[in-house]
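The chains carry the letters A, B, C and D, assigned in the order they are written, with residues numbered from 1 in each.
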Amino acid sequence: MIDMTVDLNGLKLKNPVMTASGTSGYGTELEDFFDPSLLGALIVKGTTPEPREGNRYPRMAETASGMLNSVGLQNKGIGHFKEVIYPDISRYDTEVIVNINGNTIDDYLNITGQLVSMDKIRAIELNISCPNVKMGGMAFGTHSASAREVIREVRKAWPRHLMVKLSPNVTSVTEFASIAEEEGADSLSLINTLLGIAIDAEKRRPKLANITGGLSGPAIKPVALRMVWQVSKAVEIPVVGIGGIVSSDDALEFIIAGASAIQVGTGIFLDPEAPVKIVKGIEDYCKRHGFSNTEEFRGSFEDVAP
Amino acid sequence: MIDMTVDLNGLKLKNPVMTASGTSGYGTELEDFFDPSLLGALIVKGTTPEPREGNRYPRMAETASGMLNSVGLQNKGIGHFKEVIYPDISRYDTEVIVNINGNTIDDYLNITGQLVSMDKIRAIELNISCPNVKMGGMAFGTHSASAREVIREVRKAWPRHLMVKLSPNVTSVTEFASIAEEEGADSLSLINTLLGIAIDAEKRRPKLANITGGLSGPAIKPVALRMVWQVSKAVEIPVVGIGGIVSSDDALEFIIAGASAIQVGTGIFLDPEAPVKIVKGIEDYCKRHGFSNTEEFRGSFEDVAP
Amino acid sequence: MGKYVRDLTIKESRKAGSDLQLITLFTGQPFPGFLPGQFLQIRVDGSSDTFLRRPFSVHDYDSSSGELKILVHIVGNGSRTLAAMPPGESVNAIFPLGNSFTMPEKGQKVLLVGGGCGIAPLLYLGRKIVENGIKPQFLLGFRNSSVMPETRPYSELGELLIVTEDGSEGEAGFVTDHHVLKEGEYDRIYCCGPDEMMKAVVNAPAALNAGCEVSLENLMACGFGVCLCCIAETVRGNLCTCTDGPVFNSADLKWGQPGISCG
Amino acid sequence: MGKYVRDLTIKESRKAGSDLQLITLFTGQPFPGFLPGQFLQIRVDGSSDTFLRRPFSVHDYDSSSGELKILVHIVGNGSRTLAAMPPGESVNAIFPLGNSFTMPEKGQKVLLVGGGCGIAPLLYLGRKIVENGIKPQFLLGFRNSSVMPETRPYSELGELLIVTEDGSEGEAGFVTDHHVLKEGEYDRIYCCGPDEMMKAVVNAPAALNAGCEVSLENLMACGFGVCLCCIAETVRGNLCTCTDGPVFNSADLKWGQPGISCG
């Protein structure tokens, strides 16, 4: 029997597959395709204290094996989440993790404070890596002193599992990983999107109203794998791999690189059933290779000479 | 009549299309496909003071719309270049630019010193961004004090055009661009490859003997365009755009983002005739849109609201 | 409403005008059917340029045979690849997606206005309107007659008015020049086409006292409401074109948005 | 030698064994022809997984008809897509690439050893050897008879010895178990196949006094000498498999290299 569970530093997941923030709404939208309780966790869309309209349209551009988005954290705010969404998604038999965002540390604390009373939420994902907002977001995640401060303050305010989501737009991702670990993060998730632009040559104008956007999808997988590998060697806390995962092979590569769990983002747009197929694919792989749990081959790729 | 010439801060090119270092050997290999003198410039493979064998095989892995390489600057050294290659390629009626590399500043100075006597070489491309070598390379290009020092020293030693090739694996590419400008670089080229890895899930081992490699090809174009755009706004010296250019549309996007010229790298592997096709495509575009020179629409994409 | 992810087999595919392909897909096992205005997200494999799915409207649907028609304008790689696929091959599709046009009430006077790329959803809408006992008027505009699809399916359902920019078929000019938009009286106007055309239509004299619904073709990443890329700026804030739309009441739209639709 | 970048039309394509496709391409306008051991870099469009070109050896070539055959083992996306392409379609190819096998001298005794995926270049090599007035021996090894291509083309050229791992055709075992490699006497041995097989062949007793050439199938990015990805570690340093090879004198190879060839 394959034991698909994962112990993410105390946070028990029924399997290593989660949805990535901003790519599955509140999870409810997926019910048209499968039972969200089948997944290890649902990470709900980036939430801010106040409702936000996000950036202007166009917000998306297709690129080679990837896409840029400049959604900019459109959401109805933590108040709406508390009143409307939370009661609804509490019924899921899986972990629901809220991705939190803000312009200021106070914003992060405001939202954290409100989440404390929501028992169902066993974990938050502290997003210090959104490239699509003018204030906050990536500014925290690419500046070490700010990163340290926001993690420290949220850590004080949040008694349960704290996952910190790292930006790939840095010289040294391990520096930020270590800061998060030092400040008491329970796990790390990476990567958020790479900052990019797309241009319409005929019209000589940017394809996104916001000019820049975040690059996601298979195009970024090699960079994501590299960062997950570097970070999982640099810290003791578990790492959640994200970036270009569309198949169970992709997911397995992240586990082999050192990730304890993974998130599916853009892959959901290609195939809304991808997350459940990936759970199944990982299970099949374990069977085929004689593993009873993913932990048995996590980070194993350096054991073998290429 | 379309005037395809480009004045790269004093370095006159017959058109804006160059080959990227490490992807066209010494240019001679392209003669099987077209006359290299048709291009704006040839950038020869990364050259070091001593001959190098590079990294072990396998050195390449295919990724979604891209590839990783870990060649690691295999080359026969500047001595061989001087005696065997230089006399041969001096016949080209185009600029030949040497991409120089080293472990130490002395290495860079050694090679620069030898190039001074080679009149045909009107420009060098100072590579401080190779991700595939243990010493030197990207270590210079991701650390600001080292970057400043190596550029300063090479600038003192090199009287002709100095192009500095920047690494994308940094938090702020404009920081390094400004350093290069301050230290007297005549132009900047970017981007070099993004550091990545690829894993064979079935065998649970890295696809590259070196584990990490440099990601190139269309996958990285959005990141490259973004950095070219940022840098061309941040500095006064001209910028040469590189990253995922396989067609004239791609090349035009870089010019529209602010690049004065472009380099074709991985695109040559897909179609060895790509560089000449791109020259032709840019010319056609100018005709179609009524431009007499690329300078007329360089950096134009912010003039129009999206 | 449940959504389905299925491989649909191409039963027939034929050129329907220059740059226009009419594709008949077989939907197979039963499902609740389509509402007029709904669309599918079709996966076009085989190119790194068509990474995401492509949205296409229900052009026609016969629930008894399970045959679904889409009308594809060839504008880029995805549509070109799809149009070139031979019968027998299959495409993966997510459906049915989006809201739908509001059905007119008995006795109402109805105009369906389509321009160029926007005519696809109007045939199925017209059919449903006819099933509701109303005979609609169609006003369709094209650059010229060569880019027009076959018009019989429309004229079989209602009165068909054609406008071409060069006058090669029907009246010459733009749809908004047509007298029915100036002098006609309607209870409902349904419109789909380039941005500028839709804007002009909903502001035409004939639209003043009519309820106007437009169908947008915003760029989409997911098509089922999870990415928030496809928003339309409305008086009620940013709404998703893929779930709150693609059909909007024209009065709700802000219209200030760049590139709001297929034009 | 000049190189060509051309669209080649698929004249015929047929299954030649399980996971094996024999494709006949028409090379069109004249060019100098192929040397045995040379290969083509074929662009397989239609998938982001087959971003780079794919190298395939000249399996057979008839200069009078301009017909070129390649024998494709289906191992991944690129080879699968290529094998599925119908006659009439064309593929873009760069050719001719690489060095070539050294022709034996008159009167020399010659053995051609191929295993599994490595047999492709040996047919054309055999043909050229026969044209030089020598009758070669072929020793071909396979997992079992179902993965074998048609053997007549080989037996028409020379003596054909077959070995299968399960004994379903010819002798049972590995090629290196075959007595000709233990007791045979040859002037030249040409070999192509999985790494381990080639290593064993060049170290077999029969190879001791023979000149051995092996053909490598290293991973390639360009195929024409500009990227330096395809290196083989040799006593003369790292050499390019695509320009200095794919044929190497076995004595020059270091063999310590991981995954040196198609196995």
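Assume a contact is a pair of C-beta atoms (placed from the backbone, for glycine too) under 8 Å apart; a residue touches a chain by one contact, two chains touch by 3 or more.
All values derive from a computational prediction rather than experimental measurement.
Top-ranked chain pair, ordered by C-beta pairs in contact, is A-B.
In this assembly, C is the chain whose CA centroid lies farthest from the centroid of chain B. One finds 54 Å separating the Cα centroids of chain C and chain D. Chain B and chain D, compared by their mean Cα positions, are separated by 36 Å.
With centres taken as mean Cα positions, chain D sits 47 Å from chain A.
Centres computed as Cα averages put chain A at a distance of 34 Å from chain B.
Residues of chain D in contact with two or more other chains: 48, 51, 258-259. In chain B, 58, 63-66, 209, 217-218, 305-306 are the positions where the chain touches two or more neighbouring chains simultaneously.
Contact residues of chain A toward chain B in the complex are 58, 63-66, 68, 142, 169-171, 194-199, 201, 203-209, 211-213, 215, 217-223, 225-226, 229, 244, 249, 252-253, 256-257, 285, 297, 300-306. Interface residues of chain C, counted against chain A in their complex, comprise 1-3, 5, 43, 48-53, 94, 218-233, 237-238, 257-260.
Remark: chain B residues 22-25, 29-30, 32-33, 45, 53-54, 56-67, 69, 71, 74, 209, 217-218, 266, 268-273 touch chain D in the complex.
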